[in-house]
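The two complexes that follow have chain A in common; it is paired with chain B in the first and with chain C in the second.
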Partner chain A sequence: MLDTTTQPGPVGLSTAPHYAGWIGRAANSGLYRNTIGLLVDSRRVRLAVLAGVPLLWIAMLHIGPILQMANISLLANYPPQPDKSSEYTLANYGLFFSDRLYFLPFVRSLVFAAVVTISTLVIVYPVAYYVAKVVQPKNRMRALLLLLIPFWAGELIRTFSVIMLLANRGALNVLLREFGFIDRPIPMLYTFFSLSFGVIYLLALYMLLPLYSAIEKIPTPLIQAAADLGAGPFQRFRRVILPLSKDGIVSGCSLVYLTAVGVFAAPLLLGGPNSVIFPEVIATLFHGSNDKWPEGAAFSMIMLVVSLTTVGLFMRIVGGRSVRLM
Partner chain B sequence: MRTYFNDLPKTALGASYWIFAVYLVLPLALMTAMSFKDANFIAFPIGNWTLSWYGKVVQDKQFLEASLYSIGIALATTISATIIGVWIALLVSAENIWGKAVIFALACLPAVVPGLINAISMRIFIRTVDIPTGTFAIILAHAVHAVPFVVIMVLTRLRSMPANLVDAARDLGADPFIAFLRVTIPYLMPALFGGMIFCVLTSIDDFVRTFFLGGYQPTLPMLIFAKVQGGMSPEINAMATIVLVVTTAIGLYAEHFTRRSRS
Partner chain C sequence: MKNLDVTRRSTLKLLATGAGVLAAPSIIRPAFAQSKVVNITTYDKFVPQSFIDQFQKDTGIEVRIRLTDDQGKQYNLLTAEGAAPSTDIVTVTGHRLSQFMKSNLLASLDTARLKNWDKLAAAYKGAPQLTVDGKTFGVPLLAGFEGLVRNTEYAKASDSWSIMFDDENKNLTSYIVSDFLSIVMRYQGNDGDYVTYGDKPDVAQTATNQARDFLIQHKDKVRKYYDAGSELQQMFVNEDIYLAQAWSGPAAKLVMDGHPIEISVPKEGTFGFLYSFNVVNNAPNADAAYTFLDAILSSPEIGAAMTRQSGFSSAFEGVDKVLDDKERAALALPPEQVERIQFFSSVNRDMKNDMIDKATAEIKAA
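Take a look at the complex of A and B:
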């Protein structure tokens, strides 16, 4: 609402309208007027206020911890002892390559993440396509919502719920026995199968959302034109739909892969002794005894660099131009 | 477009959707069903049904304490992550600032770094700067994880904001801060609300960061994890079902809110 009586002169700070309530009281205090005057007058102050806290936060809590981790990964001994000088060494990284106990779980983790990513893509793609292009627009949000609901349950509870399904006396085994397919329960829990099942279950949303938004953006007339020109369903998919949903595939796969590499709680609950994967190895170095921190930091660095490089290469090869995370 | 699809692919697509939906809902439904089982062990089929496990959970002091602790952490996380996130988004969206793309990329770093690495680097960091493990460390780590998502949501909304809204407010005599408070913040509200709900849900759910940064007091996920490892009982199912219902309600409300404000 424009109140002309409060604005006699040229528009500016001195003619600020009167506000009611606490805003008005605060806005009339001398401290506030001086501060805001400084803000309006000086571009440098404005920039300092705008940039100060964010840059400090990013430097301290986003970059700082990773640099410190890189630093510790190169230390010979940590925590530093007074009688020894803290020397820099590559031995922590060397240990990783010399010991199969560390190297093998790492490879297992990468393979596992790749399998999970590809499976999720194959499972989720038709679903995303169905919701984005086949469902009538007015029902689309409802169809999507039904898929979103389980994801609000959270990581641990959903992992736990998978146990109900796959346990020896879980629903699936009981059902199979009732129908007479099996005599004794198939051990599904604590295997590579249950772990992949659980992790796909956990991460499917990260694939669904980017795919859905990418496919939804494909102009339907393009698909119709391809059909008019005689392309069958398979050709339409391969030549039109797939290339145009590339961005969604790239961001979906990147998200799922990066999360699957570092998945932590699910292997503890769903994986068996044979599926020890890298995060567990790292965790023991930090929790077992405190003096293994340099090794743990080095392994974390390896995992970080390799997983980010893999995703980077993947983006480069598939060539999604703009990768959006959400 | 109906005529352009022969029926086979469409039926197959529909089937894939429904199979996927059942795949998502079934485990949770089974878990809920199991919480009504009238026996001490977890196994199908369910013979007799009972509500007694819920009675046990409601009286379980550990559960109540862990819930309150988790909620407190989630609120503190949400407040700090929202303030920092909006601040970063404003910085990135500001005109004439050098290196915006770099700032944005760095601000999004914790969303890309695997959670475990995030947790470990934070653990190393808090020891370096002498913060003890416990409540504050957990909040810090949760906020670090939540900030990128707030930034992304707020930035998306900021980009759709008409540039002349703030100018109009300034012309009408509002100073920059008042304009921010009375124009920008209300415009950002749907994104802010969505971001806040996201912060609450991820914080309540977070296990790996809490595992590495937590003290002796368990949060809700830590309690459930400990109980699951300590042996199964339908009590855990009842606990999980209560959490499931509450978090789903929060999520549904947020969805309802953001959708209404979008239209």
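Take a look at the complex of A and C:
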């Protein structure tokens, strides 16, 4: 409880309020005074305190789980069984390389992510350009907001909306039937088409924002100058706009690719029997009848390393040294 | 940095927040362990909300439901939590009981503490699936089976699983691969429950491979492999599939809701299972768990509500009389079909799980 009566305090802190109870004792303790003194006097200490919280956050919630996953991937048994001791082994990694059963969905995942990334870029680029350069500046935020609103809904809700759209009795088939274009529903759901459509829809935001940010920064007079010098629309795009939006392309592609490689719920709900991808295989190892956490963890680590390496190489080769993800 | 305004108040707030974060684990664990709370991990729509409301009002015990859709997830969670579980009651199927028990995750039930124990139907009181070394594990709740489900408007009737592999039904069927493998093994004249394969792993592997190859060969009949009952219901309602292998509960629910759906047990037979509520070893609120279990057994109306919500048959006595004609019809099977149901056994589960898991991955990857 705060006691607001003014009381004489130590030199330099005489105007500070006096606290009653434990908070008061803590405030008057030497440890507290020394800490405050350090904070006031030293810029480095202030920086350490400020950086400490986010660093702790990153270490505990981001790096910690990955390290734990790496640890589990090397264990012979996990969760620990009462009658078994924990031993370390590389057999879980060996399983991936010894059985092509796991290799096919892995390759499928990488190819799928690449196709989704390229498709998302092709679809979203004109949209980002339109908002950044064609829409009047005063309306840009409104246009951007309209594009962002669907992403406020959760991933699952948006996935189910795709199901409602593409199902045999979904909106699209009903519409086509009503207009007399088809007699029988077209099976669109549970195919590669529905899977790609759904994932592109889910991940478009990750492409849109970096692209918009990069295109918006391109000075319009540069484009106008190119036009004045006789460059046609395609040449202006190829020689001016595309190179200057490279940072956004690299960032957007990296974000979409990394997310698409690990996407799980959408393939499960939208994919068919021939579109089983690697995250589902990993999930099956975790949730299957027998305990296969170590194998699942090892496969997750392989996926993580390969996808990060791919993106790292892509950023280095296409983006050069300067490109950052955001 | 120069303008950073560090005051006593902000520093104390920061310290207090830090202390709070550091103390979080010791705050969270006791939150699960309160005498007026019971934590239950169960499937969606297994416990009626009306019952929960009434129970909370009568006893002052707060019911906290954590939903699951898979036995493996429950098992993994409990194993990971070890001796300090955050749940009091889990929902286990009879044939998975041995796996939970092997890891010492469940406590045997003191039926003397349940004054309503006798309100169970006679067939379920000493259900062999729930009895180990003379001790009872779990209160039986709901019973189901794996049936052949068809849309009666589009798919022709059949008394054989062979209809699932008919060219006429290309791209129109669905099943849970691991479950259907056992049925296909049975369809092919083999032991899909692996009970007889204890000392014959080669025979088991050959039978598993035979079913695996058959399913790969007929992969073109499959529209989608599904995992959860709700997925199956959605596919039938959207007319994306006309035929499926399914748990009886989700299918019966569709029948009760008036959809043109029929569930049957083909002549080659199928497997049945029993869901039970089990008290977790070292449950943080064991007393509240017993109070809850006793309350849920107290009247057939509660059993009927569970059946209505889940579509599975109730293990409680007198539920039949509470259900209406339409509900009874949705759950009823002709006697000759009931005889074709063989309850899953808990014998030789490790071998079965290993072989089925591998074959499932192979079918999906093919």
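Going forward, the second predicted complex is superposed on the first by the 248 of 326 C-alpha atoms of A that agree within 3 Å, B and C clash if a C-alpha of one lies under 4 Å from a C-alpha of the other, contacts with A are read in each partner's own complex, and residues count from 1 in each chain.
Quick note on the criterion: a contact is a pair of C-beta atoms (placed from the backbone, for glycine too) under 8 Å apart; a residue touches a chain by one contact, two chains touch by 3 or more.
Bear in mind the structure is a predicted one, so any value in this text is a computation, not a measurement.
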{"item": "Which of chain B and chain C A:204 touches, first, second, both or neither", "value": "first"}
{"item": "Touched partner set for A:62, first chain B, second chain C, both or neither", "value": "first"}
{"item": "Which superposed partner A:170 touches (first chain B, second chain C, both, neither)", "value": "both"}
{"item": "Partner chain in contact with A:148 - chain B first, chain C second, else both or neither", "value": "first"}
{"item": "Which of chain B and chain C A:39 touches, first, second, both or neither", "value": "both"}
{"item": "Touched partner set for A:282, first chain B, second chain C, both or neither", "value": "first"}
{"item": "Which superposed partner A:274 touches (first chain B, second chain C, both, neither)", "value": "second"}
{"item": "Contacts of A:157 with chain B and chain C, given as first, second, both or neither", "value": "first"}
{"item": "In the superposition, chain B vs chain C on chain A residues touched", "value": "B"}
{"item": "First, second, both or neither for A:243, with chain B first and chain C second", "value": "neither"}
{"item": "Overlap of the chain B and chain C footprints on chain A, listed as residue numbers", "value": "13, 16-17, 19, 23, 27, 36, 39-40, 46-47, 50, 163, 167, 169-170, 268-269, 286, 293"}
{"item": "Interface residues, chain B side, partner chain A - complex", "value": "1, 4-6, 8-10, 12-14, 16-17, 20-21, 23-28, 30-31, 34, 42-45, 84, 87-88, 90-91, 94, 97, 103, 106-117, 120-125, 128, 140, 144, 147-149, 152-153, 170-178, 181, 201, 204-208, 211-212, 221, 224-225, 228-229, 232, 236-237, 240, 243-244, 247-248, 250-252, 255, 259"}
{"item": "Sites on chain A touched by chain C in the complex", "value": "13, 16-17, 19, 23, 26-27, 32, 35-36, 39-40, 43, 46-47, 49-50, 79-82, 101-102, 104-105, 163, 167-170, 185, 187, 189-190, 268-269, 271-274, 276, 280-281, 284, 286-293"}
{"item": "Chain C to chain A touching residues, read off their complex", "value": "1, 4, 6-8, 11-12, 14-15, 70, 72-73, 75-76, 79-80, 82, 99, 103-104, 171, 178, 219, 222-225, 227, 231, 234, 237-240, 349-350, 352-354, 356-358, 360-362, 364-365"}
{"item": "Touching residues (chain side chain A, partner chain B) in the complex", "value": "2, 6-7, 11-13, 15-17, 19, 23, 27, 36, 39-40, 46-47, 50-51, 53-55, 57-58, 61-66, 68-69, 72, 123-124, 126-127, 129-131, 133-134, 141, 143, 145-158, 160-165, 167, 169-171, 174, 201, 204, 220, 223-224, 227, 233, 258-259, 261-262, 264-265, 268-269, 279, 282-283, 286, 293, 296-297, 300, 303-304, 307-308, 325-326"}
